[in-house]
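One structure follows; several queries about it will come next.
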Amino acid sequence: MAKLIKKRSKKIGLPPGTLVHIGEKKVEVPKITIFDYDDQHVEEKEVKTIEECFVFKDKPTVTWINVEGIHRIETVEKLGECYGFHPLVMEDILNTDQRPKMEIHGNYIYIVLKMLYGRDKNHSIETEQVSLILGSNFVISFQEGKEGDVFNPVRERIRSDKGLIRRMGSDYLAYSLMDTIVDNYFLILETLGEKVELLEEELTTSPTVKTLHEIQKFRNEMILIRRAVWPLREVIIGLGRKESPLIKETTEIYLRDVYDHIIQVMDAIEVYREMLSGMLDIYLSSVSNRLNSVMKVLTIIATIFMPLTFIVGIYGMNFKHMPELGWRWGYPAVWVIIVLIGVLMLIYFKKKKWL
Amino acid sequence: MAKLIKKRSKKIGLPPGTLVHIGEKKVEVPKITIFDYDDQHVEEKEVKTIEECFVFKDKPTVTWINVEGIHRIETVEKLGECYGFHPLVMEDILNTDQRPKMEIHGNYIYIVLKMLYGRDKNHSIETEQVSLILGSNFVISFQEGKEGDVFNPVRERIRSDKGLIRRMGSDYLAYSLMDTIVDNYFLILETLGEKVELLEEELTTSPTVKTLHEIQKFRNEMILIRRAVWPLREVIIGLGRKESPLIKETTEIYLRDVYDHIIQVMDAIEVYREMLSGMLDIYLSSVSNRLNSVMKVLTIIATIFMPLTFIVGIYGMNFKHMPELGWRWGYPAVWVIIVLIGVLMLIYFKKKKWL
Amino acid sequence: MAKLIKKRSKKIGLPPGTLVHIGEKKVEVPKITIFDYDDQHVEEKEVKTIEECFVFKDKPTVTWINVEGIHRIETVEKLGECYGFHPLVMEDILNTDQRPKMEIHGNYIYIVLKMLYGRDKNHSIETEQVSLILGSNFVISFQEGKEGDVFNPVRERIRSDKGLIRRMGSDYLAYSLMDTIVDNYFLILETLGEKVELLEEELTTSPTVKTLHEIQKFRNEMILIRRAVWPLREVIIGLGRKESPLIKETTEIYLRDVYDHIIQVMDAIEVYREMLSGMLDIYLSSVSNRLNSVMKVLTIIATIFMPLTFIVGIYGMNFKHMPELGWRWGYPAVWVIIVLIGVLMLIYFKKKKWL
Amino acid sequence: MAKLIKKRSKKIGLPPGTLVHIGEKKVEVPKITIFDYDDQHVEEKEVKTIEECFVFKDKPTVTWINVEGIHRIETVEKLGECYGFHPLVMEDILNTDQRPKMEIHGNYIYIVLKMLYGRDKNHSIETEQVSLILGSNFVISFQEGKEGDVFNPVRERIRSDKGLIRRMGSDYLAYSLMDTIVDNYFLILETLGEKVELLEEELTTSPTVKTLHEIQKFRNEMILIRRAVWPLREVIIGLGRKESPLIKETTEIYLRDVYDHIIQVMDAIEVYREMLSGMLDIYLSSVSNRLNSVMKVLTIIATIFMPLTFIVGIYGMNFKHMPELGWRWGYPAVWVIIVLIGVLMLIYFKKKKWL
Amino acid sequence: MAKLIKKRSKKIGLPPGTLVHIGEKKVEVPKITIFDYDDQHVEEKEVKTIEECFVFKDKPTVTWINVEGIHRIETVEKLGECYGFHPLVMEDILNTDQRPKMEIHGNYIYIVLKMLYGRDKNHSIETEQVSLILGSNFVISFQEGKEGDVFNPVRERIRSDKGLIRRMGSDYLAYSLMDTIVDNYFLILETLGEKVELLEEELTTSPTVKTLHEIQKFRNEMILIRRAVWPLREVIIGLGRKESPLIKETTEIYLRDVYDHIIQVMDAIEVYREMLSGMLDIYLSSVSNRLNSVMKVLTIIATIFMPLTFIVGIYGMNFKHMPELGWRWGYPAVWVIIVLIGVLMLIYFKKKKWL
């Protein structure tokens, strides 16, 4: 499970607005790509220094600057200065330990989301923070910079002029990026869900201690996903509340669509959580059941052989005066008694449904 | 249990409004039926191609187009273009993984509901998505197209002019369809409830591991039903809020009636959930109780026969100088001791209420 | 426990407003009684046919028509037609599977409540639906018609002009009926509470499996009562909201009093529910405790006698060369060892506090 | 635990406003004391008959009438008539089964609170109902009349003119009385808290069945206290809402102080409840742990001695042809085997960490 | 765990506004330090008597008076009189048993927070109450006076003119102090979180009774931290609500930042609580699992050796007529039977997966 609280220690005591990167360094060199487009043309390029982005600032076309790797503070700092972002916003971009949120500043909106990744092998979920800054003619996105992201379909749509994206403004681009991230949650849940259902099957056939730890692990992952998704609800509601002219009327219906998706994801998480907690109950009672059946075996064996051992013990005594020992049919008689007792016991257990 | 998250993977990355069918294909050829009526006449026909529906668009009479089978995208697409539906609405109709919801668009209202089916044999619940589009003079309903639906009573009422249906507008028709779906929930709960009560009886008489899995299964089904019913509450509230002129004043009292029904269904679900969780407690403690009684048997047997076996063991020793062995009444004396110990033990257990 | 979902099946598919009786038939012939009074006079009679009530409709005096037994649909139908009730209201009166609710119609208010009955022998709670219709000069009450009701004190007050009832209008009469029903809840809870306290005592002295089932039964009954009481809260709030001129200012303070009572009942239910769930915890741990003490007995016996049996087994061996067997004090020495081991074991268990 | 629902049975069916005393009779003769003061003078006396109070009604000074013992209905009745209280208010004063509440009537405010008493010996909490009626120049307080109350500090402050009390009006007096009652809650919680902490210690050292019952008892008491405190929150909020001119602006800050105290009490109750439920978990698992260690002892003993007893059993057989029996070192060899097996077993258990 | 309810007993009955110190005395002599600054200059000094502070009252520069040690009532009293604080405020400063809260008085705002300290050795959390009073040109902070505080970074920033602090007003100083306290929560949670994760590891490898008590201890500490953090949310919301001119527009964005931090802390606490409660489940089921495996060992041993001991018991009987005893291969035959039974049992247990 990913760390819940990242090392903030190095930041404590610094004045607010001090730029410190909190989180792991995930790429060596930040990668900066630019898309500049309107309905007529599209320009795509990867730049080495952040200064190359500044020329797009005053163009009327929509500009999408995507920064992968935020550990180089000066990249964020220069961009922020050029576009005039508040120091607290820049501080938050660098701090990967944010909760999804949305802040409306004068002429830009700052949005924090969590991208989820499902590592296939040991199926553990990892999160990556994505910061979006939406201005009237630009969107700047900051990723922590794990290899690969989920934005490729959006890039493809811009390149090939599919859908509405080239005809709509920057708010539609921001929506598209958020939508892609939320769509990705379904994929993660799909994979998780299949694993949970496999686990449920395993539980009814052959539950082991490993099953228990798997259940607990999935519960923890559900907590993690919920933490990423739940606050997003308010982000979208906030954006749709029309408090900023940056969100146009035509985009609102799309935000409603994203909102519906988030609710569906939350819904599914809740259901999985209830299922997992039900599975825990099943597991616990299956442990008790197994104990029961172990004890039945023990009791049956003891109940049959203890009386028998006692009987043969009697005739192992060395008293001088034990008339039975001298009887002609004494030994066979003891055998008859033994068999009788054994059979009666078995009938008794049969009746008690222990066999 | 039905899959919670349907395969959305094929849709990820596509621009919003792209029409992709998500869900199983349930019929081969979509079946389209049309009812066109006012208080004077009624016309009913089944059409082969969707284009045949278009003539009804501008008629002042109420038209109900029912489409069973939505996997043929062009059917939905053509209808949507003819009536001017928003691409996102058409996308949602095709996506059977929706949550019940209601959207008011300019001149039509889009409603998603879940129809519930109880398969009798292994009493598992299945859901089918129903989309309704309500316009000023039409209702279009889309079903996934399982064999049979629950709308027959409404059809009968239109045909035979029973009740108000022919004299009221399209909003009353939409209400009637929703009401029929909600009424069906009671039927499902009735059947489920009977099974739960059977299970409760089984629990007090002879609980087995199967009982536990049944309880868990019912709990999962309650979660499923709740997921279908709960959001419907807001749908009905939304419709009654008079935000659209499509819902007439006279229909509102009927919507209130549906609302009451939904609350009753939710109420019953909650009660069943509490009962099932109580039953789980009972099950768990009955397992413990059985363990207890198994252990008592073992303890009684061991407590009686261990001392006895020890005593007979003593006189099985081969010491040369054991005066008791030579006594005339030694052997009977041992028997007396054995019987005494046995009886004392039994009295002790009787007193402890273990017997 | 009373059925949660009553047989609605026969109603499915019928148009709204169709009058069908849902529930058991509880009396053979409906009994209709009429009180007609003002502060000067009072008239009380029992009528055979419902038509005899119609003469009171336009009188300025307060008329209380009480119908016991609602399975004869025409009784309700005729009354409804005479007084002009909405078909949905009449449908709801006949459907005894309602949730307590309140509906304000033009010139009358429709109220549904649940009367609770405690059958003394097997102390199970039963509910009976009571529908009240409050008009400017009349109150009509419909009961399912079990033998006896809780309204006798109200009747007595009308007859003997005790309290305000004869000087106040129909809204005060409706309040009095509701108040009587709510007062009755206290009685039910009083009886239940005493049984719960008895059960708690039983739990600390001699818990059995029966105790567990009793606890579960009480929990189910608390759910049932809560279902009857909880929605009543909103009914009273709704009535007090002054949306209808039928509720006069002077009656409001009395409604507030009923409201207080309902909150108190809810309060007590919640406390009992928490107590019962605490009792379940106690029960479960008492089962574990008993298992523990059973196992201690077994372990003590086994730990003492197994080593002893082993020792006497040694000297039961038939080796030719066992010097101890020939010793003069061999046998007494073994006894000394046996007693020593036994005493040491007992000291050990004493120290471990198992004895 | 105090009865939750007091005997209301005798009241059922009576018209609202009928004065009936519900609760125990706690003193023989009601004690009525009067304080009449302004910033200049103070008069204190105990009266025999309630009529002696009436002279203070029209004095401009603040009058505090304290009635201990409410079972004599005529006392309350006469006071009520003299001051013109609503019959429902008088009814509520006599009914000691009230929930804390506040009602604003025309020229007086009626407040119900619960005083808590901690009986030291068996540390069980008892509640006593206190009714306050606040008018423009008087406060009337009704207590059930247990020996002693918590108002002495207030009396002392009036007598000795400490604090603001003599210079402020009747609302400040009412506040002082409420504040004293709430302050007393802290005392109760302090004592309870110490006991809970003792219990927690006991739990880690030597948990017994008694510990469990203590935990359950404290949980029930927390429920009881919460029932007394929780509704008080709304009482204070209601008083601070400035709906009545009887509460002066200057008193509001004091009400806010009481409100803070109530929240703190609620806070502490919630924490104790969580701690107690955590303690229950600890108890339950300590029972399981002890079972585990009991079973380990049993298993170790059985696993060591069963094989050994089997071995000595072999050489107790009486076969004619058992070569070992004749061997010179047979007997010592068996001893060697026995010791070997014993040691190996002990090593095995050591490794399994059972020893 | 720190005491929940501090000794308030000595205060009960005193008039409101009476100054009594509640809490432990943590330093001998209160230490008073003063910072007086504007963007041009800064003055820092430690004073002996509180009167030395009064000269700063009317200076336009920002004055920060920090009082460590509040048990000397006269210090607080004199300061309060000089600045004109309400008696209830002074009473609350002295009472270290406050809940975090915020009160807006005429020309100052009173804020109570809790500082958290993590003692490293036995990692228990302790709280210290911090009171802030914010005026137009001053901030007065009261600490209980444990050695060291968390404000050093703020002091450093004032001294060295880092960040905005010298250019902003007193509200920014108050924000900085609160921000430092909240930042410190992350540090505490970081340490706690690491310990919880260590504990989780320990749980999967070698859970002991100590693990259980650790889990419970962490749960209690989470409750304690939540109690300190949760009410702070409302404090910040209240400050941001612009009800007082003391909070300037420019400071609001910083308050929003603190608010975000508090939500993040709450979030983390909730997640830890869920994890800890999941860990408890794991612990409980691991105890059951271990019992299971203990019982399996016992059952295997008993099931193998009981029948064998019975068999050798048979041939230990002393009957005169036991033909087998005389057989030449009798003894080897018994051995064959014994080995056979043993092997069969082992195969059986292998098949049951008990080995």
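Order of writing sets the labels: A, B, C, D and E. Residues in every chain begin at 1.
Note that in this section a contact is a pair of C-beta atoms (placed from the backbone, for glycine too) under 8 Å apart; a residue touches a chain by one contact, two chains touch by 3 or more.
Note that the structure is predicted; figures quoted are calculated from it, not measured.
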Common contacts of chain C and chain D, by label, are none
Please state the rotation angle, between 0 and 180 degrees and to the nearest 5, that superposes the Cα atoms of chain D on chain E.
70
Gap in Å, rounded to a whole number, between the CA centres of chain E and chain C:
43
Quick one: report the Å distance separating chain A from chain E, using the average Cα coordinate of each chain.
26
Junction residues of chain E - those touching two or more other chains
284, 288, 291, 295, 298, 302, 306, 309, 313, 316-318, 322
Can the chain contact pattern be summarised as a line, a ring, a star, a complete graph, or none of these (other)?
ring
Chain C contact footprint on chain D (complex, rising order):
3-5, 7-9, 11-18, 86, 88, 97-99, 101, 103, 209, 212-213, 216, 219-220, 223, 227, 280, 283-284, 287-288, 290-291, 294-295, 297-298, 301-302, 305-306, 308-309, 312-313, 315-318, 322, 324-331, 334
Which of the residues in chain E come into contact with chain A in the complex?
152-154, 156-157, 162-165, 176, 179-180, 183-184, 186-187, 189-190, 193, 204, 253-254, 256-257, 260, 263-264, 267-268, 271-272, 274-275, 278, 281-282, 284-286, 288-289, 291-292, 295-296, 298-299, 302-303, 306-307, 309-310, 313-314, 316-322, 354
